[in-house]
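Going by the order they are written in, the chains are A, B and C; count residues from 1 in each one.
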Amino acid sequence: MKPWLRWLILLVFAVYFFGPLLSMLDFSTKTTSGGRSGAAWKALVTNHQVLGAIGQSLLLCVTTVVLMLVILLPTMIWVRLRLPRLKRLIEFLCLLPLTIPALVIVVGINGVYAWVNYFFGYSPVVLTFAYVVLVLPYAYRALDSSLSALDVTTLAEAARSLGAGWLTVITRVVVPNVGAGILSAAFISVALVLGEFTFASLLNYQTLPVVIDLFGKRDAHVSVAAALGSIVFASALLLLLSFAGARSRGRKGA
Amino acid sequence: MRRARSLVPLVGILPFLAYLLLFLLIPTVVVIVGAFQEDGSFSLSNLHALTNSATVDALRSSVVLSASTAVIGGLLGALLAAVIVSAPERSLVRRAVLALSGSLAQTGGVSLAFAWMATIGLGGTLTTMVQNALSLDLTGNGWLYAMPGLILVYCYFQIPLMVIVFLPALDGLRPQWREAAETLGASRLQYLTQVAIPLLLPAFLGSLLLLFANAFAAYATAAALVSQGSPILPLMIRAALTSEVVLGQQHLAYAIALEMIVVVALIMGAYAWLLRRSSRWMR
Amino acid sequence: MNARRLAVAAAAALAMTAVSACSSTPPSKSGGNSSAAATATSAADLGGMSKLVAAAKKEGSLNVIALPPDWANYGAIIKAFSDKYGIKVNSAQPDAASQDEINAAKQLKGRPTAPDVFDLGQAVALANTDLFAPYKVSDFDKIPSQFKDADGTWVNDYGGYMSIGYDSKKVPAVKSVSDLLKPAYKGKVALNGDPTQAGAAFSGVVMAAVANGGSADDISPGVKFFSQLKKAGNFLPVDPTPATIESGQTPVVIDWDYTNAAETAKLPSWKVVVPGNQPVGGYYYQAINKDAPHPAAARLWEEYLYSAEGQNGFLAGGARPVLADQMKTDGTLDTADYAKLPAVKGTPVLLTQDQNTKAADYLAKNWASAVK
């Protein structure tokens, strides 16, 4: 693709995506007397509750990503290698959390969470279990995209014939080659945790989006600043993550 | 001997299944059972209510909205992903687009609706600019608060989602394959239609499926933009569960949720069939 | 083949045990609510106000739900209560509707995050009285009998009238409901919610009905009015929020007068008018959760809300406190705030429970098609 065409396309997309964000910035810095003021933003970034909730949510991000990768990735690789007939079933199961609106899942998951609270307490971190389920559809698709580009069966056969056990096959042969998929899955998980509101609010946990929403209620400008701030925060975090991710991945296999 | 061998691989996915059982299947079963109840006893009345004209209309609107944003978002997202995949992994543009896509893919709800209203709604930034420059009224007959507007706003998170889940597939296209095709005499178009597209089709269709399901169950954005009349299924569910005017409808909500599961299962079936047909030449 | 059947049978058995296990609840760690406060029906049961205050302070926190800070001045009321007694108030789900409060109480039952007190609309309150604990505040006898349950299971706390709020800088002044059909309001009129879901929107339709020849028993003219409004292109299906009002997206909003009044405090050009000579009124209902995790704090909260301080708190937000007449006689009413309330002419229209149900059924059948 010619470079100028590439930049043109990027520009058109930039207008579409940044336009509404700029409108939000515009509104959040307006005052009723018609001037401009950073008061809404200042109130947002200096609020103790908001800052405290950031730490909680970051911890929740880490636990969700780790648990998701530990549970999902080996399963997907294993299904591809040894249980190909179950692929459609796993795919459907991983799509199910997206099909049922969160409002309805909460009704059903409530009984389970009574026990989770009994064993693990009431900290927002217990939301990890529910968030991993919520993130499954996206993570599955990202990992599957990456895995489908890889000839997993041949790689596994080659490794096994050289004497590798199944664990080595998964951790040292397949995983390093699906770096793009893992990164995408991690990205979408982090973004989901930082933006997930319904579950946390209905089960009454004080995560960042919940705290921000309540804080924004006092003033319209603050609520819009909070929404835009969340997007900026998530993007910045993901950008940082991408630097960490690229460094730890090896070269692509032939 | 044979019995043992066919069971052992299953052990490998036991942790996954156990986890899903607790946190996904139990909630789903509760919902499905609830769909068949009314006032504490077995009843098919809620399933019957699914055939009301209002519910059927909502189903149609939901499917149209989800399918169109899946296709539009899918194609545009694939285009954006194709534009940045050729950039080196360490390039800032690629990282920035990916980071932004990750966070925008999860936007929605009141803030997204507001952002668009503040741009092209009454007194919005773009509306005012266009009004002053071209004397055109962008708000027109309120198209933003009907299907066209919903499609436009939904694509805001569908396109980034497509980028995020489809990029790994594009990334897997080895440049060596293009070189090999070229040395064998294939033109650009031939490479695209006979090598690249068939290889990418499963991931592409799978991503479209995800986009469909994503839009199908989304309701916070629509709730803010079109809060009158419950035009799509998730809004009907919300109305049935949280209405403070018409009470006692929660089993109807479960019946609608069951309907949504069935619809997605059907779409998945169509996707699986499409895949089987198109990938017959692959092993 | 047998192995597969065995696996399927095992999975089914596992699933069934899991489902039945999840419907059982874990043993309660908090030791149950055996405190005296959980069954107290008045402060006297605990030995007087000072003992109630001491018990509440010992509990240390209060869970409230569905109380937006700018709704009837709840933000300031919560802060004043918290400062006065040193009790931390956890405000959950400020955007929730009345039914969400009941859902939360049922779903979070037995957990320390369950709501302690409710502030509900009429239909939901009267349908769920089995979840409430009866309690009579100190001034219970001074509350008019039509505003309370004889045992104190529920008590009205504040009310208001349906009004039309508009931005005087963006649209011409609104004097009556039928003004809204004029072309000057094209694409500008919003209703606070869907009438089949939200109490405020429901009363808005009643207001339109009453202004167009209908009554508390017949709201069809109201639905027809909104249908006309939609056809004229004036009706916005958007959900109005302070952000949409201040940014000019929804220059006209039909909502309770106190909610619109809260907007005037932030946007000086926002005016509120209660049209016609049959204002549609509505009161909200206070109740205590029978299984409240903090029963003493919940009861202290009720005492506070019905004290002069609490009732004046509602008045400052533009709502009409239920004890207003009594306080005027006693001289404890904040007369300056009272004078700021929008002028209301004529006899108020208040729906009974039966009229409510009848109207709700009518709306459920006809609203969606009327505003398509």
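As a convention for this text, a residue touches a chain if its C-beta (ideal position, glycine included) is under 8 Å from a C-beta of that chain, and two chains touch if they have at least 3 such contacts.
Source: prediction; values computed, not measured.
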Would you say A-C or A-B is joined by more C-beta pairs in contact?
A-B
Per mean C-alpha coordinates, the chain lying farthest from chain A is C
Mean-CA-position distance for chain C and chain A (Å):
35
Rounded to the nearest Å, the gap separating the Cα centres of chain A and chain B is 16
Within chain A, the set of residues that touch 2 or more other chains is 27, 107, 111-112, 223-224
Spell out, as numbers or ranges, the residues of chain C touching 2 or more other chains.
22, 103, 241, 243, 247
Multi-partner residues in chain B (2 or more other chains touched) are 10, 22, 26, 29-30, 110, 114, 118, 124, 238, 241-242
Write out the stretch or stretches of chain B touching chain A in their complex.
9-10, 12-13, 15-16, 19-20, 22-24, 26-31, 34, 76, 79-80, 82-84, 86, 89-90, 93, 95-112, 114-116, 118-119, 124-126, 156, 159-161, 164-169, 171-174, 176, 199, 202-203, 206-207, 209-210, 213-214, 216-217, 219-220, 234, 237-238, 241-242, 250, 253-254, 257, 260-261, 264-265, 268, 272
Residue set of chain C touching chain B in the complex reads 2-4, 7, 11, 14-15, 18-19, 22, 96-100, 103, 120-121, 123-124, 127, 170, 187-188, 191, 193-199, 202, 233, 235-239, 241, 243-244, 247-251, 360-361, 363-364, 367-369, 371-372
In the complex, chain B residues that touch chain C:
3, 6-7, 10, 17, 21-22, 25-26, 29-30, 54, 110, 113-114, 117-118, 121-124, 139, 141-142, 145, 223-231, 238-239, 241-248
So in the complex, the part of chain A that touches chain B is made up of which residues?
1, 6, 9-10, 13, 16-17, 19-24, 26-27, 71-72, 74-75, 78-79, 82-83, 86, 88, 90-93, 95-101, 103-105, 107-109, 111-112, 129-130, 132-133, 136-138, 141-146, 148-150, 178, 180-181, 184, 187-188, 190-192, 194-198, 223-224, 227-228, 231, 234-236, 238-239, 241-243, 246, 252, 254
Tell me, which parts of chain C touch chain A in their complex?
22-23, 25-27, 29, 68-70, 75, 91-95, 103-104, 107-108, 110-113, 241-243, 245-247, 266-268
